[in-house]
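We call the chains A, B, C and D, going by the order they appear; numbering starts again at 1 in every chain.
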Amino acid sequence: MSVVKAIQVPLRGIVPPMITPLNSDGSLDKESVKKLIEHLIEGGVHGIFILGTTGEFSGLSYSVRRELIKLTCEQVAGRLPVLVGITDVSLTESIALADYAASEGAYAVVAAPPFYVNIDQEEMYSYFKQLADAISLPMFLYNMPSHTKLTIEVDTVVKLASHERIIGFKDSSAHGVYFQALCHEFRNQEDFVLMVGPEEMMAETVLMGSHGGVCGGANLFPKLYVSLYEAAENRDFEKIRKLQGSVMEISKNIYQVGGYKSSYMKGVKTALSFMGLCQTEFAPPVYPFSEEEVEELRRRVNKITSMLADQ
Amino acid sequence: MSVVKAIQVPLRGIVPPMITPLNSDGSLDKESVKKLIEHLIEGGVHGIFILGTTGEFSGLSYSVRRELIKLTCEQVAGRLPVLVGITDVSLTESIALADYAASEGAYAVVAAPPFYVNIDQEEMYSYFKQLADAISLPMFLYNMPSHTKLTIEVDTVVKLASHERIIGFKDSSAHGVYFQALCHEFRNQEDFVLMVGPEEMMAETVLMGSHGGVCGGANLFPKLYVSLYEAAENRDFEKIRKLQGSVMEISKNIYQVGGYKSSYMKGVKTALSFMGLCQTEFAPPVYPFSEEEVEELRRRVNKITSMLADQ
Amino acid sequence: MSVVKAIQVPLRGIVPPMITPLNSDGSLDKESVKKLIEHLIEGGVHGIFILGTTGEFSGLSYSVRRELIKLTCEQVAGRLPVLVGITDVSLTESIALADYAASEGAYAVVAAPPFYVNIDQEEMYSYFKQLADAISLPMFLYNMPSHTKLTIEVDTVVKLASHERIIGFKDSSAHGVYFQALCHEFRNQEDFVLMVGPEEMMAETVLMGSHGGVCGGANLFPKLYVSLYEAAENRDFEKIRKLQGSVMEISKNIYQVGGYKSSYMKGVKTALSFMGLCQTEFAPPVYPFSEEEVEELRRRVNKITSMLADQ
Amino acid sequence: MSVVKAIQVPLRGIVPPMITPLNSDGSLDKESVKKLIEHLIEGGVHGIFILGTTGEFSGLSYSVRRELIKLTCEQVAGRLPVLVGITDVSLTESIALADYAASEGAYAVVAAPPFYVNIDQEEMYSYFKQLADAISLPMFLYNMPSHTKLTIEVDTVVKLASHERIIGFKDSSAHGVYFQALCHEFRNQEDFVLMVGPEEMMAETVLMGSHGGVCGGANLFPKLYVSLYEAAENRDFEKIRKLQGSVMEISKNIYQVGGYKSSYMKGVKTALSFMGLCQTEFAPPVYPFSEEEVEELRRRVNKITSMLADQ
């Protein structure tokens, strides 16, 4: 892990939730993983988050998850912090993944609440504490109510943040009041990292004092999100306005083809395939767009690409 | 209506959703209405919104609603725009309230979707169009999914905004992605007014280009919210940081006593009663805090007041 | 009210939630009201419930609601108990409607929780108690979480049932465990009336000991639902099987045309118009089917009618 | 698998969702598994379902799941059909579990939708079809919206039921209309098995023609549920009334101690520990009752036991 020592601590900036390139038989598309990582690093991102929702963690077998952890750590080779999603319904399996991530040199793990059993905040606190106690890497909490159907309440985050290994929080709730409440609680703890998931909210939350974004679109256009992050950090409002416009056009055009609940996941991966960075293979239950949808997406991606080229 | 002509158009700034002062028999506490309006005007607010959710519109009889409209317009006397909530489950009753508001000199009306029948976007569009066609005042759309259990989708807002009498939109969803999507859609239409309900999000959304906030806390501390709005407009980040901290302390302390679903409504009105601006009478189904809760709130309000005095 | 004295107490059987026939200008279609009432009485129903969800109460002006109360009581003329929905967001307006219903000779009122403000069970209890204290007629509680977004919890029903004027409960939750819990609580109180809304569950709940159903489809085919009720009371399983099949075909065919959230309401009223019992005019936000949808519904209604004729 | 040949096909009756006895280190408590199985078989149940929600499948490691499958099949030794839950978020892991269950001699597998990614019905259909195509055992579909936050819609069940290996359906939605719609669709397919999860609805649904129940309480009192099932089959209403009363008292007393979202799971396992059939060890995120809660539960269980002894 010595290579990671040089990494900026605490984490700041754009940490893309990397999609997982797959082959048609469900195995890991290793060449694409390597190309995609290089694409992200060239784009200037500040970290790489694998095995998140965008990375289709839930649909992958454990052996594919391990292969991805190993390959990512090898390919990144200490150039950036690697964050590894270990969200699971079984504490035992989460711990096993965290141990593996540690052994491969990951920077930190990221965990959402166990997402099958309905639980109260006390049970959630107890679960995260047991998890943090059992692992060796630093951990980010991950609030993802649209998928886990549970919210890590503000008080629970505050209590958990006193654990030495819990170093940050990623919020994908899109709930602006909730996120401001967290920013307020941690306003004097600069080393506790606060990031939003929804890229549409990244600029405003950084303006208000948070630390970056886990932006799915940064798989496609890493430089755009890095530039917007920097513009927000520098309070360059002219640039924010322009770049935020691009981010919103991406959101509107690339994430909503076909009207599926999974349109975002289909859209990002399929658009990446246009760039030669992966195949259009998904882990079930997600499956590829129809041909018509692919063509519709291609038109939209071309429009976005032209727009970005003009900036 | 000539007095309103001098009002800044389009609307910008802080428009408190005024609470409705009541007597113990459920009738309007007229003296408190007058005092509260003067308190708001002295606080520098940019408009007054009556008969919103904070104003307990749903619990009031129609005769009390009319009395409040009349008295507010008289007391304000053209010094500020008066916005009147006309949300109802019956189109006929909404139109009747809008007609009355027009006859009393209100500036505009505000309408959320009808909130009993489950409807689709097409039915929602049709409803708002019928409403806007039938009235004479300008109208703001009001997105309030926590109460109406319906969302006015972005596309529906965009379609409705082409109606000559629909001049703005208030969003109380607290959904940051949704609000940014709306800001993006209307980025080139400066005359279409975009405001957020949750005061915790006001500063960040104004920084991103929206136009103000319908802040419940401005009933209590109008100057604070006006100052924060101005700081956001002026991109004065030192001031934003300090004032946002106060806003978050208010949110944390005053809106959460007792753990009721209605704690916010109880908290604002009870705190106002400490200032002598109303009684602690609510429209059913809301009822007053217990004595212990009142004392707990009093301690918290005192703490906030000291904090604000020190700034 | 003397005419109602002869009515079976406590209420048992099929109490259709009567649709509200309207003219194209939104006024009450009085001739259709009369015809529809006669159709129901001929069909053998055990009571008539006006101004429920199926009756589009929420979309009607108060003057139309009063006209309907008056006309229904006059037309029924004591032949059946008339139940009047007084659900509202304003306690004052609910009480006023209840007073009017009493003055016109209604048998009882029916009230769901106030449906705008989010409240806790304690506030709900307090609200219903205030309402029951303030009126003179007997009252049924009405659980309708799909529309009010509130559930009257079992304990709250039990507490309220001790009020002398609260005589029964109608549950439209479709939640089988919840309804069985209520049946269990009241297993030794035969005079507390328990009815389900969803007609698809009427037979099974009557078999388990409840007292009837508020079946929307009984607007169309009152005899069918009365026969199914009787079959369930008589534990005639051969008949139950056949009639339940018809009820399910109605549910599948008539309530789901067009895929609207309001398909049920559109379907019942439009099918009734085929029988000459009303026009296809709705209170906003509901509007009529398209011509294609009307034709699709007509085919389905014809199929159902043939099926029923063959029985 | 030859031993299972003697089993009644299609499945009928009471199939308890067996809890999973654990040791304090999270390993399988094998002696308790054996004792519990014998307790169930003595109680006359018609099958045993392991690794369901009540069995805490989601919290168990894969190695514990496999141990339980092996041990259960060995202990049951063909005396009853063993149903194995294979619900997972990863199709690959579900298939692996199904293969293991087949190799150990299970009768069938049971699968709920993958419960992390939000999906549409088309994706759900595709997922179940892939799963059924890939396995060798018969499969039951498992509708569990309170946990998966997805509903297998009626049309999707109907389409899937044509698959040769999909032989039945277990519904834990508690939605009475939904279940009646399914009963109606399969009214002429006696070999497609329809069972409800919530034991409170078992009697009424069997009366209406369905085939049994997956009753959690049958872990504790298997004879009671078997007797109620038989009474419903025999339309013995006196017996139904008495036994249903006991079932409702169990639901009210044993499943609601402490007011946790997980009170049901805590209650069943802790009550079983009073009978010496397991320890009070849970898979995280669930943890044991406090001492006071245990004593409260003990009082309630004693009350229930006396009540059952008196019958």
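In this section, a residue touches a chain if its C-beta (ideal position, glycine included) is under 8 Å from a C-beta of that chain, and two chains touch if they have at least 3 such contacts.
Which chain is which protein? Per UniProt: A, B, C, D = 4-hydroxy-tetrahydrodipicolinate synthase.
Source: prediction; values computed, not measured.
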{"item": "Chain separated most widely from subunit C, comparing mean CA positions", "value": "A"}
{"item": "Between subunit B and subunit D, centroid-to-centroid distance (C-alpha), Å", "value": "50"}
{"item": "Euclidean distance of C-alpha centroids - subunit A vs subunit D, Å", "value": "36"}
{"item": "Sites on subunit B at which at least two other chains make contact", "value": "none"}
{"item": "Pairwise chain contacts under the document criterion", "value": "A-B, A-D, B-C, C-D"}
{"item": "For the subunit A and subunit B complex, residues of the former touching the latter", "value": "174-181, 184, 187, 196, 198, 200-201, 203-205, 207-209, 235, 237, 240-241, 244-245, 248-249, 251-252"}
{"item": "Residue ranges of subunit B in contact with subunit C within the complex", "value": "26, 53, 56, 58-62, 64, 89-93, 113-120, 123-124, 126-127, 130, 146-149, 260-262, 265, 283-287"}
